[in-house]
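Think of it as A, B, C and D in the order they're written, each chain with its own count starting at 1.
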Amino acid sequence: MKVIVDLCVVPMGVGVSVSQYVAECQDVLQEAGLKHQLHAYGTNIEGDWDEVFAAIKRCHERVHAIGAPRITTSIKVGTRTDREQSIQEKIDSVTERKN
Amino acid sequence: MKVIVDLCVVPMGVGVSVSQYVAECQDVLQEAGLKHQLHAYGTNIEGDWDEVFAAIKRCHERVHAIGAPRITTSIKVGTRTDREQSIQEKIDSVTERKN
Amino acid sequence: MKVIVDLCVVPMGVGVSVSQYVAECQDVLQEAGLKHQLHAYGTNIEGDWDEVFAAIKRCHERVHAIGAPRITTSIKVGTRTDREQSIQEKIDSVTERKN
Amino acid sequence: MKVIVDLCVVPMGVGVSVSQYVAECQDVLQEAGLKHQLHAYGTNIEGDWDEVFAAIKRCHERVHAIGAPRITTSIKVGTRTDREQSIQEKIDSVTERKN
(Lines give C-alpha, C1' and ligand atoms only; values in the text may rest on other atoms or scores of the structure.)
Protein backbone atom coordinates (compact mmCIF):
# COMPACT_ATOMS: atom_id res chain seq x y z
CA MET A 1 0.00 0.00 0.00
CA LYS A 2 1.56 3.28 -1.10
CA VAL A 3 1.66 6.16 1.39
CA ILE A 4 2.56 9.81 1.56
CA VAL A 5 3.60 10.70 5.09
CA ASP A 6 4.55 13.83 6.97
CA LEU A 7 6.86 13.02 9.87
CA CYS A 8 7.82 15.34 12.75
CA VAL A 9 10.06 13.74 15.40
CA VAL A 10 10.49 15.80 18.60
CA PRO A 11 13.05 14.56 21.16
CA MET A 12 12.36 15.57 24.76
CA GLY A 13 14.77 15.97 27.64
CA VAL A 14 17.62 17.11 25.37
CA GLY A 15 17.40 20.89 25.50
CA VAL A 16 15.92 23.35 23.04
CA SER A 17 18.04 22.55 19.98
CA VAL A 18 16.84 19.39 18.23
CA SER A 19 18.38 19.75 14.76
CA GLN A 20 20.99 17.06 15.52
CA TYR A 21 18.17 14.54 16.11
CA VAL A 22 16.21 15.63 13.04
CA ALA A 23 19.41 15.24 10.97
CA GLU A 24 19.76 11.68 12.34
CA CYS A 25 16.26 10.91 11.04
CA GLN A 26 17.19 12.33 7.63
CA ASP A 27 20.09 9.84 7.60
CA VAL A 28 17.71 6.97 8.43
CA LEU A 29 15.42 7.93 5.52
CA GLN A 30 18.42 8.30 3.21
CA GLU A 31 19.76 4.87 4.19
CA ALA A 32 16.29 3.38 3.57
CA GLY A 33 16.35 4.82 0.04
CA LEU A 34 13.00 6.52 0.64
CA LYS A 35 12.07 9.64 -1.32
CA HIS A 36 11.80 12.41 1.27
CA GLN A 37 11.65 16.19 1.43
CA LEU A 38 12.49 18.23 4.55
CA HIS A 39 10.44 21.31 5.39
CA ALA A 40 10.40 23.65 8.42
CA TYR A 41 8.06 21.53 10.54
CA GLY A 42 8.68 17.94 9.37
CA THR A 43 9.59 15.75 6.43
CA ASN A 44 7.39 14.50 3.58
CA ILE A 45 8.06 10.84 2.79
CA GLU A 46 6.77 8.76 -0.12
CA GLY A 47 6.87 4.97 -0.39
CA ASP A 48 5.47 1.59 0.55
CA TRP A 49 3.61 1.51 3.93
CA ASP A 50 5.88 -1.16 5.48
CA GLU A 51 9.14 0.45 4.35
CA VAL A 52 8.08 3.92 5.51
CA PHE A 53 6.87 2.78 8.94
CA ALA A 54 9.94 0.57 9.43
CA ALA A 55 12.06 3.68 8.84
CA ILE A 56 9.95 5.70 11.32
CA LYS A 57 10.55 3.01 13.96
CA ARG A 58 14.30 3.17 13.23
CA CYS A 59 14.16 6.96 13.67
CA HIS A 60 12.84 6.43 17.21
CA GLU A 61 15.48 3.76 17.92
CA ARG A 62 18.34 5.95 16.62
CA VAL A 63 17.14 9.16 18.37
CA HIS A 64 16.93 7.23 21.65
CA ALA A 65 20.35 5.71 20.93
CA ILE A 66 22.00 9.13 20.55
CA GLY A 67 20.66 10.33 23.87
CA ALA A 68 16.99 11.35 23.85
CA PRO A 69 15.18 9.68 26.78
CA ARG A 70 11.75 10.59 25.41
CA ILE A 71 10.26 11.26 21.97
CA THR A 72 6.91 12.60 20.81
CA THR A 73 6.33 12.24 17.08
CA SER A 74 3.46 13.41 14.94
CA ILE A 75 2.71 11.64 11.68
CA LYS A 76 0.19 12.43 8.97
CA VAL A 77 -0.36 9.48 6.62
CA GLY A 78 -2.40 9.49 3.44
CA THR A 79 -3.52 6.48 1.37
CA ARG A 80 -5.89 6.35 -1.58
CA THR A 81 -7.35 3.63 -3.82
CA ASP A 82 -8.64 5.87 -6.61
CA ARG A 83 -5.16 6.67 -8.00
CA GLU A 84 -1.48 6.94 -7.06
CA GLN A 85 -0.07 10.39 -6.34
CA SER A 86 3.52 11.44 -5.70
CA ILE A 87 4.76 14.19 -3.37
CA GLN A 88 5.34 16.45 -6.38
CA GLU A 89 1.92 15.68 -7.93
CA LYS A 90 0.22 16.64 -4.66
CA ILE A 91 2.04 20.00 -4.67
CA ASP A 92 1.41 20.57 -8.40
CA SER A 93 -2.33 19.83 -8.00
CA VAL A 94 -2.53 22.95 -5.79
CA THR A 95 -0.04 25.28 -7.50
CA GLU A 96 -1.56 24.64 -10.95
CA ARG A 97 -4.92 25.89 -9.66
CA LYS A 98 -3.37 29.20 -8.57
CA ASN A 99 -1.68 30.12 -11.89
CA MET B 1 9.42 -0.88 22.14
CA LYS B 2 6.34 0.26 24.05
CA VAL B 3 4.31 3.13 22.63
CA ILE B 4 1.40 5.34 23.56
CA VAL B 5 -0.34 6.52 20.39
CA ASP B 6 -3.17 8.87 19.55
CA LEU B 7 -4.85 7.84 16.30
CA CYS B 8 -7.31 9.89 14.23
CA VAL B 9 -8.43 8.26 10.99
CA VAL B 10 -10.36 10.54 8.59
CA PRO B 11 -11.94 8.94 5.50
CA MET B 12 -12.39 11.25 2.51
CA GLY B 13 -14.88 11.04 -0.34
CA VAL B 14 -17.57 9.46 1.87
CA GLY B 15 -19.66 12.42 2.98
CA VAL B 16 -19.66 14.33 6.25
CA SER B 17 -20.53 11.50 8.64
CA VAL B 18 -17.50 9.31 9.39
CA SER B 19 -18.57 7.56 12.61
CA GLN B 20 -19.13 4.26 10.74
CA TYR B 21 -15.47 4.25 9.69
CA VAL B 22 -14.20 5.24 13.14
CA ALA B 23 -16.29 2.39 14.60
CA GLU B 24 -14.62 0.00 12.12
CA CYS B 25 -11.22 1.10 13.48
CA GLN B 26 -12.43 0.49 17.06
CA ASP B 27 -13.27 -3.08 15.96
CA VAL B 28 -9.75 -3.52 14.51
CA LEU B 29 -8.18 -2.40 17.81
CA GLN B 30 -10.54 -4.64 19.78
CA GLU B 31 -9.70 -7.65 17.59
CA ALA B 32 -5.98 -6.89 18.08
CA GLY B 33 -6.49 -7.01 21.85
CA LEU B 34 -4.89 -3.58 22.20
CA LYS B 35 -5.78 -1.36 25.16
CA HIS B 36 -7.50 1.69 23.64
CA GLN B 37 -9.62 4.62 24.74
CA LEU B 38 -11.83 6.63 22.37
CA HIS B 39 -12.12 10.39 22.78
CA ALA B 40 -13.81 13.10 20.69
CA TYR B 41 -10.90 13.61 18.29
CA GLY B 42 -9.17 10.21 18.16
CA THR B 43 -8.26 7.11 20.13
CA ASN B 44 -5.45 6.60 22.64
CA ILE B 45 -3.73 3.24 22.13
CA GLU B 46 -1.14 1.53 24.34
CA GLY B 47 1.04 -1.41 23.38
CA ASP B 48 4.06 -2.78 21.52
CA TRP B 49 5.22 -0.66 18.54
CA ASP B 50 4.84 -3.46 15.96
CA GLU B 51 1.40 -4.57 17.18
CA VAL B 52 0.06 -1.02 17.33
CA PHE B 53 1.31 -0.02 13.87
CA ALA B 54 0.13 -3.33 12.36
CA ALA B 55 -3.34 -2.47 13.68
CA ILE B 56 -3.12 1.05 12.25
CA LYS B 57 -2.31 -0.42 8.83
CA ARG B 58 -5.31 -2.78 9.15
CA CYS B 59 -7.50 0.25 9.97
CA HIS B 60 -6.53 1.78 6.61
CA GLU B 61 -7.11 -1.52 4.80
CA ARG B 62 -10.56 -2.01 6.41
CA VAL B 63 -11.70 1.61 5.93
CA HIS B 64 -10.76 1.38 2.26
CA ALA B 65 -12.51 -2.00 2.05
CA ILE B 66 -15.82 -0.57 3.34
CA GLY B 67 -15.80 2.16 0.72
CA ALA B 68 -13.49 5.09 1.49
CA PRO B 69 -11.37 5.89 -1.60
CA ARG B 70 -9.01 8.13 0.37
CA ILE B 71 -7.85 8.42 3.98
CA THR B 72 -5.85 11.01 5.87
CA THR B 73 -4.76 9.91 9.33
CA SER B 74 -2.92 11.78 12.04
CA ILE B 75 -0.91 9.86 14.61
CA LYS B 76 0.91 11.06 17.69
CA VAL B 77 3.37 8.46 19.00
CA GLY B 78 5.34 8.65 22.23
CA THR B 79 8.24 6.43 23.32
CA ARG B 80 10.52 6.78 26.31
CA THR B 81 13.53 4.93 27.70
CA ASP B 82 13.57 6.47 31.18
CA ARG B 83 10.46 4.53 32.38
CA GLU B 84 7.27 2.85 31.19
CA GLN B 85 4.00 4.78 31.47
CA SER B 86 0.44 3.62 30.81
CA ILE B 87 -2.41 5.67 29.37
CA GLN B 88 -3.90 6.03 32.85
CA GLU B 89 -0.55 6.98 34.45
CA LYS B 90 -0.11 9.76 31.86
CA ILE B 91 -3.55 11.15 32.75
CA ASP B 92 -2.98 10.75 36.52
CA SER B 93 0.40 12.56 36.30
CA VAL B 94 -1.53 15.68 35.27
CA THR B 95 -4.72 15.37 37.35
CA GLU B 96 -2.74 14.68 40.56
CA ARG B 97 -0.96 18.02 40.11
CA LYS B 98 -4.26 19.88 39.98
CA ASN B 99 -5.83 18.48 43.18
CA MET C 1 -17.97 29.66 14.71
CA LYS C 2 -18.14 26.65 17.00
CA VAL C 3 -15.13 24.33 17.15
CA ILE C 4 -14.08 21.04 18.67
CA VAL C 5 -10.33 21.04 19.21
CA ASP C 6 -7.75 18.54 20.38
CA LEU C 7 -4.77 20.31 21.96
CA CYS C 8 -1.38 18.81 22.80
CA VAL C 9 1.17 21.27 24.23
CA VAL C 10 4.75 19.95 24.45
CA PRO C 11 7.31 22.13 26.26
CA MET C 12 10.91 21.65 25.14
CA GLY C 13 14.12 22.27 27.06
CA VAL C 14 12.53 21.38 30.41
CA GLY C 15 13.43 17.71 30.83
CA VAL C 16 11.36 14.60 30.27
CA SER C 17 8.51 15.27 32.70
CA VAL C 18 6.00 17.75 31.29
CA SER C 19 2.92 17.09 33.46
CA GLN C 20 3.44 20.35 35.36
CA TYR C 21 3.12 22.31 32.10
CA VAL C 22 0.10 20.31 30.92
CA ALA C 23 -1.54 20.98 34.30
CA GLU C 24 -0.91 24.73 33.77
CA CYS C 25 -2.80 24.50 30.47
CA GLN C 26 -5.69 22.74 32.22
CA ASP C 27 -5.84 25.73 34.59
CA VAL C 28 -5.95 28.14 31.62
CA LEU C 29 -8.89 26.22 30.09
CA GLN C 30 -10.64 26.09 33.48
CA GLU C 31 -10.22 29.84 33.99
CA ALA C 32 -11.59 30.44 30.47
CA GLY C 33 -14.70 28.46 31.39
CA LEU C 34 -14.23 26.22 28.35
CA LYS C 35 -15.61 22.67 28.35
CA HIS C 36 -12.56 20.40 28.12
CA GLN C 37 -11.64 16.77 28.63
CA LEU C 38 -8.08 15.53 29.25
CA HIS C 39 -6.91 12.30 27.67
CA ALA C 40 -3.49 10.58 27.52
CA TYR C 41 -2.21 12.51 24.49
CA GLY C 42 -4.00 15.88 24.67
CA THR C 43 -7.17 17.65 25.70
CA ASN C 44 -10.49 17.89 23.83
CA ILE C 45 -11.92 21.41 23.96
CA GLU C 46 -15.35 22.63 22.83
CA GLY C 47 -16.38 26.26 22.32
CA ASP C 48 -16.35 29.38 20.19
CA TRP C 49 -13.38 29.67 17.80
CA ASP C 50 -12.11 32.98 19.24
CA GLU C 51 -12.42 31.92 22.88
CA VAL C 52 -10.72 28.56 22.27
CA PHE C 53 -7.80 30.00 20.31
CA ALA C 54 -7.37 32.87 22.79
CA ALA C 55 -7.01 30.21 25.50
CA ILE C 56 -4.48 28.27 23.38
CA LYS C 57 -2.39 31.44 23.04
CA ARG C 58 -2.58 31.94 26.82
CA CYS C 59 -1.37 28.34 27.28
CA HIS C 60 1.76 29.21 25.30
CA GLU C 61 2.26 32.46 27.25
CA ARG C 62 1.84 30.70 30.64
CA VAL C 63 4.04 27.69 29.76
CA HIS C 64 6.79 30.07 28.63
CA ALA C 65 6.24 32.13 31.80
CA ILE C 66 6.81 29.10 34.09
CA GLY C 67 10.10 28.26 32.41
CA ALA C 68 9.80 26.53 29.06
CA PRO C 69 12.04 28.27 26.48
CA ARG C 70 10.42 26.43 23.56
CA ILE C 71 7.03 24.86 22.84
CA THR C 72 5.73 22.67 20.03
CA THR C 73 1.97 22.24 20.06
CA SER C 74 -0.26 20.12 17.85
CA ILE C 75 -3.87 21.11 17.37
CA LYS C 76 -6.68 19.34 15.54
CA VAL C 77 -9.64 21.64 14.91
CA GLY C 78 -12.99 20.65 13.47
CA THR C 79 -15.77 22.93 12.21
CA ARG C 80 -18.98 22.06 10.40
CA THR C 81 -21.91 23.97 8.90
CA ASP C 82 -24.32 21.05 8.53
CA ARG C 83 -25.02 20.75 12.28
CA GLU C 84 -23.56 21.43 15.74
CA GLN C 85 -21.96 18.53 17.61
CA SER C 86 -20.64 18.38 21.15
CA ILE C 87 -17.65 16.42 22.43
CA GLN C 88 -20.01 13.83 23.92
CA GLU C 89 -22.15 13.58 20.75
CA LYS C 90 -18.99 12.88 18.69
CA ILE C 91 -18.06 10.03 21.04
CA ASP C 92 -21.65 8.69 21.18
CA SER C 93 -21.90 8.70 17.37
CA VAL C 94 -19.15 6.04 17.34
CA THR C 95 -19.98 4.02 20.47
CA GLU C 96 -23.68 3.71 19.49
CA ARG C 97 -22.60 2.03 16.23
CA LYS C 98 -20.65 -0.63 18.14
CA ASN C 99 -23.47 -1.77 20.53
CA MET D 1 4.57 36.40 19.83
CA LYS D 2 6.23 34.99 16.72
CA VAL D 3 5.18 31.56 15.50
CA ILE D 4 6.14 28.99 12.92
CA VAL D 5 3.09 26.94 11.99
CA ASP D 6 2.37 23.93 9.82
CA LEU D 7 -1.23 24.00 8.57
CA CYS D 8 -3.13 21.15 6.92
CA VAL D 9 -6.77 21.91 6.08
CA VAL D 10 -8.87 18.88 5.05
CA PRO D 11 -12.41 19.56 3.77
CA MET D 12 -14.88 16.71 4.27
CA GLY D 13 -18.02 15.88 2.32
CA VAL D 14 -16.59 17.24 -0.95
CA GLY D 15 -15.19 14.15 -2.65
CA VAL D 16 -11.62 12.89 -2.88
CA SER D 17 -10.00 15.87 -4.64
CA VAL D 18 -9.33 18.73 -2.22
CA SER D 19 -6.74 20.77 -4.14
CA GLN D 20 -9.30 23.49 -4.95
CA TYR D 21 -9.81 24.08 -1.21
CA VAL D 22 -6.10 24.00 -0.41
CA ALA D 23 -5.56 26.56 -3.20
CA GLU D 24 -8.23 28.78 -1.56
CA CYS D 25 -6.22 28.67 1.68
CA GLN D 26 -3.06 29.64 -0.21
CA ASP D 27 -4.96 32.71 -1.47
CA VAL D 28 -5.99 33.60 2.11
CA LEU D 29 -2.33 33.42 3.26
CA GLN D 30 -1.22 35.45 0.23
CA GLU D 31 -3.85 38.13 0.90
CA ALA D 32 -2.72 38.27 4.55
CA GLY D 33 0.84 38.93 3.39
CA LEU D 34 2.12 36.03 5.47
CA LYS D 35 5.33 34.23 4.49
CA HIS D 36 4.25 30.68 3.64
CA GLN D 37 5.64 27.61 1.90
CA LEU D 38 3.46 24.80 0.52
CA HIS D 39 4.60 21.18 0.83
CA ALA D 40 2.92 17.85 0.05
CA TYR D 41 1.09 17.53 3.38
CA GLY D 42 0.49 21.14 4.49
CA THR D 43 1.87 24.67 4.47
CA ASN D 44 4.58 26.20 6.65
CA ILE D 45 3.62 29.70 7.81
CA GLU D 46 5.75 32.27 9.63
CA GLY D 47 4.49 35.39 11.41
CA ASP D 48 2.83 36.99 14.42
CA TRP D 49 0.56 34.69 16.42
CA ASP D 50 -2.58 36.83 15.99
CA GLU D 51 -2.10 37.39 12.27
CA VAL D 52 -1.39 33.72 11.57
CA PHE D 53 -4.37 32.42 13.56
CA ALA D 54 -6.68 35.07 12.10
CA ALA D 55 -5.69 33.78 8.65
CA ILE D 56 -6.33 30.16 9.74
CA LYS D 57 -9.83 31.15 10.86
CA ARG D 58 -10.41 32.84 7.48
CA CYS D 59 -9.28 29.62 5.76
CA HIS D 60 -12.09 27.76 7.55
CA GLU D 61 -14.61 30.50 6.71
CA ARG D 62 -13.62 30.54 3.01
CA VAL D 63 -13.47 26.73 2.62
CA HIS D 64 -16.97 26.49 4.14
CA ALA D 65 -18.11 29.36 1.88
CA ILE D 66 -17.00 27.52 -1.29
CA GLY D 67 -18.96 24.42 -0.34
CA ALA D 68 -17.30 22.22 2.29
CA PRO D 69 -19.85 21.35 5.02
CA ARG D 70 -17.14 20.03 7.36
CA ILE D 71 -13.42 20.64 7.91
CA THR D 72 -10.79 18.89 9.98
CA THR D 73 -7.52 20.81 10.24
CA SER D 74 -4.26 19.86 11.88
CA ILE D 75 -1.91 22.58 13.04
CA LYS D 76 1.59 22.35 14.49
CA VAL D 77 2.65 25.60 16.16
CA GLY D 78 6.08 26.39 17.55
CA THR D 79 7.07 29.32 19.78
CA ARG D 80 10.35 30.00 21.55
CA THR D 81 11.72 32.67 23.89
CA ASP D 82 15.42 31.81 23.57
CA ARG D 83 15.75 33.21 20.01
CA GLU D 84 13.80 33.97 16.85
CA GLN D 85 14.04 31.48 13.96
CA SER D 86 12.67 31.72 10.43
CA ILE D 87 11.32 28.90 8.27
CA GLN D 88 14.58 28.87 6.30
CA GLU D 89 16.76 28.94 9.43
CA LYS D 90 14.90 25.90 10.80
CA ILE D 91 15.59 24.00 7.56
CA ASP D 92 19.23 25.18 7.39
CA SER D 93 19.84 24.11 11.03
CA VAL D 94 19.24 20.51 9.88
CA THR D 95 20.75 20.52 6.38
CA GLU D 96 23.98 22.15 7.62
CA ARG D 97 24.50 19.24 10.02
CA LYS D 98 24.30 16.73 7.15
CA ASN D 99 26.92 18.32 4.85
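The rule is short, and it goes like this: a residue touches a chain if its C-beta (ideal position, glycine included) is under 8 Å from a C-beta of that chain, and two chains touch if they have at least 3 such contacts.
The structure presented is a predicted model; accordingly, all values stated were derived computationally and were not measured.
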* Chains touching both chain B and chain C, listed by label -> A, D
* Looking at C-D and B-D, which pair shares more C-beta contacts? -> C-D
* To do: Would you mind reporting the rotation angle for the C-alpha fit of chain A onto chain D, rounded to the nearest 5 degrees?
  => 180
* **Where chain A and chain D are represented by their mean Cα positions, the distance between them in whole Å** => 18
* Asked: Which integer distance in Å separates the CA centroid of chain C from that of chain D?
  -> 19
* Cα centroid separation between chain B and chain D, in whole Å? -> 25
* **Interface hub residues of chain A, defined as touching at least two other chains** => 13, 16, 69-70, 72, 74, 76, 78, 80, 82
* To do: Report the topology of the inter-chain touch graph, choosing from line, ring, star, complete and other.
  => complete
* In their complex, what parts of chain A are in touch with chain C? -> 10, 12-13, 15-16, 18, 69-70, 72, 74
* Residues on chain B engaged by chain C in the complex (per definition of touch) -> 4-6, 8, 16-17, 19-20, 22-23, 26-27, 37-42, 44, 46, 74, 76, 78, 80, 82, 87-88, 90-91, 93-95, 97-98
* **Interface residues, chain C side, partner chain D - complex** => 1, 13, 49-50, 53, 57, 60-61, 64, 69-82
